[in-house]
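Same chain, two partners: chain A is paired with chain B first, then with chain C.
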Partner chain A sequence: MTSQYIALPKGVSEKNFDAAIRDFRKVLGDAAVLTSAEQLAPYIKTMMPVSDADHTPSAALLATTVEQIQKIVAICNQYKVPVWMISTGKNLGYGSAAPAERGQVVLDLKRMNRILEVDKDLAFALVEPGVTYQQLYDYIKEHKLGLWLSMPAPSAIAGPVGNTLDRGVGYTPYGEHFLFACGMEVVLANGEVLRTGMGSVPNSNTWQVFKWGYGPYLDGIFTQSNYGIVTKFGFWLMPEPPAFKPFVIQYQHEEDIVEIVETIRPLRISGVIPNAVVIAHALYEAPVKAKRSDYVSGPGSIPDEAVYRIMKDHKLGIWNVYAALYGTQEQIDVNWNIVTQAFTQSGKAKIMTEQEAGDDPAFAYRAKLMRGEMTLTEFSLYNWRGGGGSMWFAPVSQARGSETLKQMALTKQILAKYGLDYSGEFIVGMRDMHHIVDVLYDKTDPEQTKAAYQCFEELLTEFSARGYGTYRVNTAFMDKVAETYGPVQRNVHKILKKALDPNGILAPGKSGIR
Partner chain B sequence: MDETRRSFIKGMLTGGTLLVFGIPATTQALSTSQIPSGNMRDCHLLLGNTPIDEAFAKGAQAACTRFSSFNQEGTLPAFQLADELLTNPLHIADLLTQSRNMRWVALMDYANAAIFTELVRNSERHLLALGSHMFVSSDSAVLPQRHVWTTASPAYSAGGLLASLLTQSQHDFSIVENFLEQTAVDKAMSDSSLAGFSSFRLAEQPAMHLYCAGVSPLEASQQIGWKASENWQPVLSRGDESSIDQDKTIMDAAIEHPRFDNWIEATGFAVVATALSMGIQQASCSNRAFVHRSNQRNSNHQGLSGQQFVSFVIDV
Partner chain C sequence: MEKTKLKNWLFGFMFTVILATSNAWSAQDEKNNPGFAWKDGAEIYAKICAYCHEAQVGPQIRNRDLPAAYIRAVVRNGNRAMPAFRPSEIDDESLVKLADFISKKEAQH
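After this line comes the complex of A and B, so read on.
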């Protein structure tokens, strides 16, 4: 007999699921409970090298209030129906909006999109999960608040809650987003509502200004986790600086990454360069300007010779360091001297200011990201090979030149083994680097899809064998990454899960936690 | 500027935008019972301005002309996408939000498609079919032309029609369709055959249907990434009377359709014909594939290398 649902939650009978859906409809209304294939199809598309059927939801719920969410978790507990929470659902390359496991119900919080507070003086915002960066950007401009956002590359369509909870990064001085989070409201699996930090104190007005509260700091356990449903989220905003000077520094050889990192680290730690600097490989920048098929066809990874032709044709370095200075003009002038002196010592660097870069499209979008403006230009990566396959490989490296070179070489070698290109960049934290590689492949090609899966698995295995941990991963590989952090951490995660969500209704499988 | 005024101006701008593109902005939503389905909907094209878009539009308009009785005008209104999704996604988001009671056939590259998919979900629109279309020129590619669809149900399947059109071109191709739900279809329309293809079912998974031309089912299933199996069973007996009727249905349709030398035009025709509810072949299955290898293989891939795009059929 054909089911009336396109999927069912694991271990839940259709009869019980019917009853759960009926109860969801009582809480949310018919229009906010999606079960038809046409309605659910936009939740299914992922870029991972596994069948989309493995991540097909059984339904999607569109909640608008905390009270509704409390009732939803009660229904989920009653029928043992698992929910997969999304805020704006733009986790592209990490699983998109699709659940970790087939049959989970997507709890889509996009309609909870109120900007609750933006304080100009204390420079913070309190928002609901469905608020997008674009929405907040418009609000700040409209009210002339003089504040800047920090956002990831999907900027306009993504939102601060989802990105920060998955510990995403941006490109301004506030680029390490979770570092600037301050206060959450969380619906727990038992329906209770927790406000973290100072938010637990009645009538407190310091919820968004003091992170720690009293006792163990809890905010961290609600990031990359499935311990609760975040319904309000506070974070700090950057006051608009009087002046801003973006620049790019190009290098011509892959080994130059050592010099780049050794030069940047002291500047970054001392705050001379305050933002999350990007060191982008030529193949990460190339899709903005060129097509892969113009340079190479056939199987195998792109040869170095073709990469050098792309660099020449499109005025790219093999490494392109995007950074910016912020502050008064006087501060910028002083720091610019320090930066140029540091980078010109070896004679290898080519430094370009915004004026010198002219209308270069790669520079233009990087400059926008570094000043917290909306641009979706980075999506050009998806045209590099085409075919819709993309996974972010995201190991963490020390901010040490020799380490970054080792990671780059190892990544490139493993990708080449499977015929894939190295489209990578390093995002410079204070002492760490997020090494971000877009593993791009053609999902219409079964052979390449299989190769991409094996390649990703090998990347994770080889990196963890060398002590390099991955900070974020797509839903198909969450268990694998969780394993690399060892049994003790996994067990602690599991104990917390059991304590906070004994029926396992919240996003089972997230970060490998069940 | 206060919120009310901003919304008012935004509404005016959006309404104007819709009119520029020939899409009347509907000011009030219809109730569910009032929403027409299938061919009663106004079908619109959403296209870029590349040669791929041009070719697709040509095929799309041919379908519209061919099935003009299902469309008041005989031509499909179209508006151009350019690079708008990368530079101004809100524009398309507004279009999606403001438009009512239409079926959109959209075509774009993978970068734009990634954004468009998000906008469709965000605006709570119905996604009927999402197709990925690729021509690779590599000599090592066994099947240089590949189409992969995720489709809400077999009712929106364009694969059978496209297969019948592509067999004319002599290029080897594969078409894979994944259906999110299985709909029970009229027996007369189910399990139908396609001229030149042999039809197979997997004994242990009868909801997987495979159509092969010039290739064995084992080889075909390997080439499209399905689990290789020796258990493919032929399902169509030429002597079966009902099967002959079914063949006729399909072959008539194939004969009556125009001939396309250009695979993108053929794809445009098939997608739009289906969007106009003129899908030729339906089946009660969860996955279906067509694999075609020609004896007179056309190895001239001049100009076809790297051609790729994504197609959408959505109801707004």
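After this line comes the complex of A and C, so read on.
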């Protein structure tokens, strides 16, 4: 019998699924329940090296209110139908808008797009899941609120709720986003609505200003998780500083990462450099200015010799450190002296400001990210190999020079084994560095796709064998990463899951939790 | 589901309705705030497409006589490096306007 659905949830009969869909339609109306192949096409495309069939949803639900979501979870419980939640749904390189498992119903909250409050004095925002950074940016400009956003590189098309719930990062002093989250509203699997922290106190006006509330702090368990559906989200915004000074520092040798990290760590921890910094390898920056095919052809990873030619032709360091100073001009002048003194000591660094590098397209987009301006220039990464294949490999490193060098060398060696390039950067900083590597491959080439899959698996295996954990991963490798954190953490996650979602209707498989 | 559990669910639902109306952000407030909607094709182009297609990241797409149906298909399916865009992001009606905006010559606007 041919099904009228393009996929079905695991263990759910077509008859039961049909009944669930009928009930969803009663709640949302026909137009907001998508089931045809054509309607679901945008929920299927991913950049991962696995068959799109593995992540094909059975349906998508476009909810607009909390009450609708409460009714949806009741239906899901009744028919044991799982939903996969997305907010703005642009988790590109981590699974996009597609569910973790074939047949899950995507609960798409993009249409819940109200900016509920932006407080100019207390510098916070309360938004619904579908609000994009672009929308919030325009709102702040229109109302002349003098506040800055911190957002990830896909800025305009992504949003603060989805990004922060996946513990994503940006590039301003507020770049470690979850540190600046303050208060959530969450629909639980049983239909109850929890407001975390001060939000649980009736008539409270401190929900978005005090994070901890009373008793165990709960917000963390709703990030990278499947314990609830976040429907409102509060977070802090940075007051626009009177002055802003972005800069780039270039180094010529891969081993110089040691000096860079040793120099930058004390400046980050003491707050002299306040923002989430970027130490980008030449191959991360090159796609903005250069074409891979102008330097190499044929299979295999790009040789160092070609990388040096790219650096020379396009004025790049092998490492390019982007950071900025914020504050009054006087504060910036004082801190600039400290920064330049620290970096000029060895004589290896080339320091440039907007004056020297303002016209450089890589510098220009990095400067935008560090001041919360919209840009999608970083998508040029996908022109490097072409073919739309990408996975973020994201191990965590100590902010210690020797450690970053070790991680870089190991990553580069494993990538090369599979003919892939090291498009990497170290970001955020203070005591850790997020080591972020875009594993780029041509998804239209079956051989390269297979190599990319094996390469990613080996990266995870080799890194965890050395005690390096991964902070976030695409939906094809969530179980593998969960394994690396050991059985005790996995079991605690499972116990919480059973308690909060006994029927397992919320995003089964997220972070390896079922 | 057993009976006692079902009762708990029902209790949960009733409880929430009461809670939701007594807090700072109530369902009523939400109804008074209609949320975001696109004005026209030019706005969508400027706030999504242009960041790549006018920035040497993606190819030029305006003034190329690209058929509207082709544009709509690429937006919904994505194309290699280009992400797909869902009807929750760009609704069908707005997508028609966007495709129209892109496929018409600049002088026609």
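In this section, the second predicted complex is superposed on the first by the 512 of 514 C-alpha atoms of A that agree within 3 Å, B and C clash if a C-alpha of one lies under 4 Å from a C-alpha of the other, contacts with A are read in each partner's own complex, and residues count from 1 in each chain.
We adopt the following convention: a contact is a pair of C-beta atoms (placed from the backbone, for glycine too) under 8 Å apart; a residue touches a chain by one contact, two chains touch by 3 or more.
All figures in this text were calculated on a predicted structure; none of them were measured in a lab.
On the superposed chain A, the positions of chain B and chain C overlap enough to count as a clash.
Within the superposed three-chain model, A:T56 lies in touch with chain B and out of touch with chain C [touch as defined at top].
Within the superposed three-chain model, A:A37 lies in touch with chain B and out of touch with chain C [touch as defined at top].
In the superposition on chain A, the chain among chain B and chain C reaching more residues of chain A is C. When the two complexes are overlaid on their common chain A, residue A:Q70 makes contact with chain C while staying clear of chain B.
In the superposed model, A:Q135 lies in contact with chain C only, and not with chain B. In the superposed model, A:Q355 makes contact with neither chain B nor chain C.
Judged by the touch definition given at the top, the superposed model places A:A156 against both chain B and chain C.
Residue contacts after overlaying the shared chain place A:P446 against chain B, while chain C stays out of touching range.
Of the two partner chains, neither chain B nor chain C is touched by A:Q341. In the superposition on chain A, A:L126 contacts chain C only, with no contact to chain B.
Mapped onto the common chain A, chain B and chain C collide along 43-51, the only clashing stretch among 43-51, 61-69 or 133-141.
Overlap of the chain B and chain C interfaces on chain A: residues 34, 38-39, 41-45, 62, 88-90, 92, 97, 110, 134, 156-157, 375-377, 379-380, 382-383, 386-388, 443-444. On the chain B side of its complex with chain A, the touching residues are 1, 6, 85-87, 89-90, 109-115, 117-122, 124-128, 130, 132-134, 136-141, 146-148, 150, 152-153, 178, 180-184, 223-225, 305-306, 308, 310, 315. Against chain C, the residues of chain A that register as touching in their complex are 34, 38-39, 41-45, 60, 62, 64-67, 70, 74, 77-78, 88-90, 92, 96-97, 108, 110-114, 116-117, 126, 128, 130-131, 134-135, 138, 156-157, 185, 188, 190-193, 195, 199, 202-205, 207, 232, 361, 374-377, 379-380, 382-383, 386-388, 443-444. Put simply, chain C touches chain A in their complex at residues 1, 8-9, 12-13, 15-17, 19-20, 22-25, 27, 29-30, 33-36, 47-48, 51-52, 55-58, 76-89. Those residues of chain A lying in contact with chain B across their complex are 2, 6, 34, 36-45, 47, 52-53, 56, 62, 88-90, 92, 97, 110, 134, 142, 156-157, 287, 291-293, 297-299, 375-377, 379-383, 386-388, 442-447, 449-450.
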